[in-house]
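There are structures below to look over.
What follows is chain A paired twice: with chain B in the first complex and chain C in the second.
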Partner chain A sequence: MDIKIIKEGQKTIVILDGRIDTSNAEKFQNDIAPLLVGDNPDIDIDCSGMTYTSSQGLRSFLTLQKSVNARRGKMVMRNMNPQVKEVFDITGFSNIISII
Partner chain B sequence: MHCEMILEEYHEKQPIYLKMQEFILEKLKKSFETKGVVVAGIESRIKTEKSLIGKLEIKGYKYKTIADITDILGVRVITNYSDDVDIVAAIVENMFEMDWDNSVDKRKMLDFDRFGYISLHYICRIPASLFHDDAMPEINEFRFEIQMCSSLQHVWANMHHDTGYKTEVEIPVEYQRNMSRLAGMLELIDEQFSRIRKEITDYRRKVQALVATGNFDEVPLNGDTFRSYLELKPFKRLADKIASINQAEIYEDSLMPYYNVLIRMNMKTLGDVGRMYKECKDAAYQLALLQLAGTGLDIVAYSVTLQNLCIVYILKKGFGEGGLVQMFALLYGKSDYNNQRAHRIYEQATKLKLV
Partner chain C sequence: MKKRFNPIKDRASEIIEFLMDSPDIPQDESLRFKLRLSIEEAVENVVSYAYDGGIGWLEAGTSLDNDSLILTIELRDAGTPFNPLEKADPDVTLSAEERAVGGLGIFLCKKMMDSISYRYEDGNNVLTMTKKIAE
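Entry: the complex of A and B
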């Protein structure tokens, strides 16, 4: 899993590429740690390169969403491929995280 | 001559009044917040020199020093409802040292045939136990006024003040009569607002009692009742069963977004929701089993229960893929993906012989 974090004005663009699974979940959690601080975050996650997420990935996204909510910010995940989107759907995570 | 001395004192003691003002406002705000009392606003002012001169010209003989004037610092707490004035008053009484001899409940002073500015005026001091500053001992000696009134009383007071009731010009009787008529009308509106709030509170209590006793058919489905219903964790067994597929952790998210879906599905009472659960829970579990088994996904949102219940209900009622697309559009907005998802689920449901 590769992750790029780009600051564009007030917005933070996150570009994900590859799989999030047991082997790299901890690294992914560390990689997104900078997104867990700051007021009124506006995070846009481009998932077009993400090919899979495990439960650990879901947990990381949940942690991030909760942190964003607590800081009165917003977060969207976009361009998710249907296979990855299905993981969010069948676990009910589509009800928690805004996916467009 | 002594009026000039009072004016001198007024200027000299400004820092003390400013300190008192800052302290009182902060203290009141914090106290309302802690006690969960919602107020429409808190205003304060230090009397202007012009206003003080006006007061001294008329009643100067009554005051020996600035400390005799009780309204140099004035605070007004404005409540949304007239009923809340007494709650605010109780907080003020507990917080400050009261000068009861000079406090006035104007609400009790009006004759039965008079209407007007009906507010509660308290004269208080900051007790040393609450705040003390050796450099400013007057902070605990000077009195200040707290007025407490409802938003409508506040509006009336402002309008009355703005139209010049304090001027020496004689106000024509017709004008006074019109102001009184308005005051009477506002008093009636204030009462109605309080009554409506009480009725809503009573209704909520009644509904909560019905929900608690399980008389769901008697409880209309609305945002309030659905929220109370969800507190009973009505889908917990299904959630546990779905979680057991992968020994998953359940993340307790809100099911409130599904309220609009239930309404769209023409559910009228909580009894209807209960019946849907009874009729669809097994198939909702089967659907989850088909989707989750073998994935190793060991976290699920609590909302997956109602998600699957609604899916099964829609398909059982014969609304097909179109019904699912509408449900997803209600929850997540319109998108092409909704069609793909509906189609995928429809195929899964066919396998499970739900359609």
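Entry: the complex of A and C
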């Protein structure tokens, strides 16, 4: 999993590429740590390159969404592939994370 | 085919790839996604929790029925007796604030596979998952 974090004015663009699984879940959690700080976050996550996530990845996304909510910010995930989207649907994450 | 991994500490990825490389696993990408996810969650459970410190073995295997329609994945370990299916499913209607972080692994297995069963046999935990892979 490669992750790029780009600041564009008030917005934070995140580009995900690859798989989030057992082998790299801890690294991913560390990689997104910069997104867990700061006031009024506005985070836009491009998921077009994310080919797979296990429950480990879901943990990180829920932690991130909770953090964004607590800081009265907003977050969207976009361009999710259908199979990854199904994982978010089944687990109810589609209801708590804005997926466009 | 099946193989016994011993010890299993830090070897989840290797065990997952062993199963995914089995000739019993179909090539269809959508099926492979579901199978990989189920295998990963189930293997990760054993590697992380079955033994104190991960010192112990896991036997991982795949098989097909006579008509090659139904794939069976079986995981066997001699760790602490534990039935992962007894755990209540998460409430997927809760808000982000109400949701606990974690507890989704076996739930995903249940959703992705056609059946999942557990038995304690000869001092072993045995988890069996099946999936229809052809018409």
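Assume the second predicted complex is superposed on the first by the 100 of 100 C-alpha atoms of A that agree within 3 Å, B and C clash if a C-alpha of one lies under 4 Å from a C-alpha of the other, contacts with A are read in each partner's own complex, and residues count from 1 in each chain.
Please note the rule applied: a residue touches a chain if its C-beta (ideal position, glycine included) is under 8 Å from a C-beta of that chain, and two chains touch if they have at least 3 such contacts.
Just so it is clear, the structure is predicted and the values come from calculations on it, not from any experiment.
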Which of the two partners, first being chain B and second being chain C, lies in contact with A:63: first, second, both, or neither? second
Between chain B (first) and chain C (second), which, if any, makes contact with A:85: first, second, both or neither? first
With both complexes overlaid on chain A, does A:100 touch chain B (first), chain C (second), both or neither? first
Figure out whether A:28 sits in contact with chain B (first) or chain C (second), or with both, or with neither. neither
Under the stated touch criterion, which partner chain does A:52 make contact with: chain B (first), chain C (second), both, or neither? second
Chain A positions within both the chain B interface and the chain C interface are 54-55, 58-59, 62, 87, 90-92, 95-96
In their shared complex, at which residues does chain C touch chain A? 12-13, 16, 30, 33, 36-37, 40-41, 43-44, 90-97, 99, 101-102, 104-105, 107-108, 111
Residues of chain A that touch chain C when the two form their complex: 21-23, 52, 54-56, 58-59, 62-63, 65-66, 69, 83, 87, 90-92, 95-97
Complex contact set, residues of chain A against chain B: 54-55, 58-59, 62, 82, 85-87, 89-96, 99-100
Interfacial residue positions of chain B with respect to chain A in the complex: 248, 251, 253, 257, 288, 291-292, 295-305, 307, 331-333, 335, 337, 340-341, 344
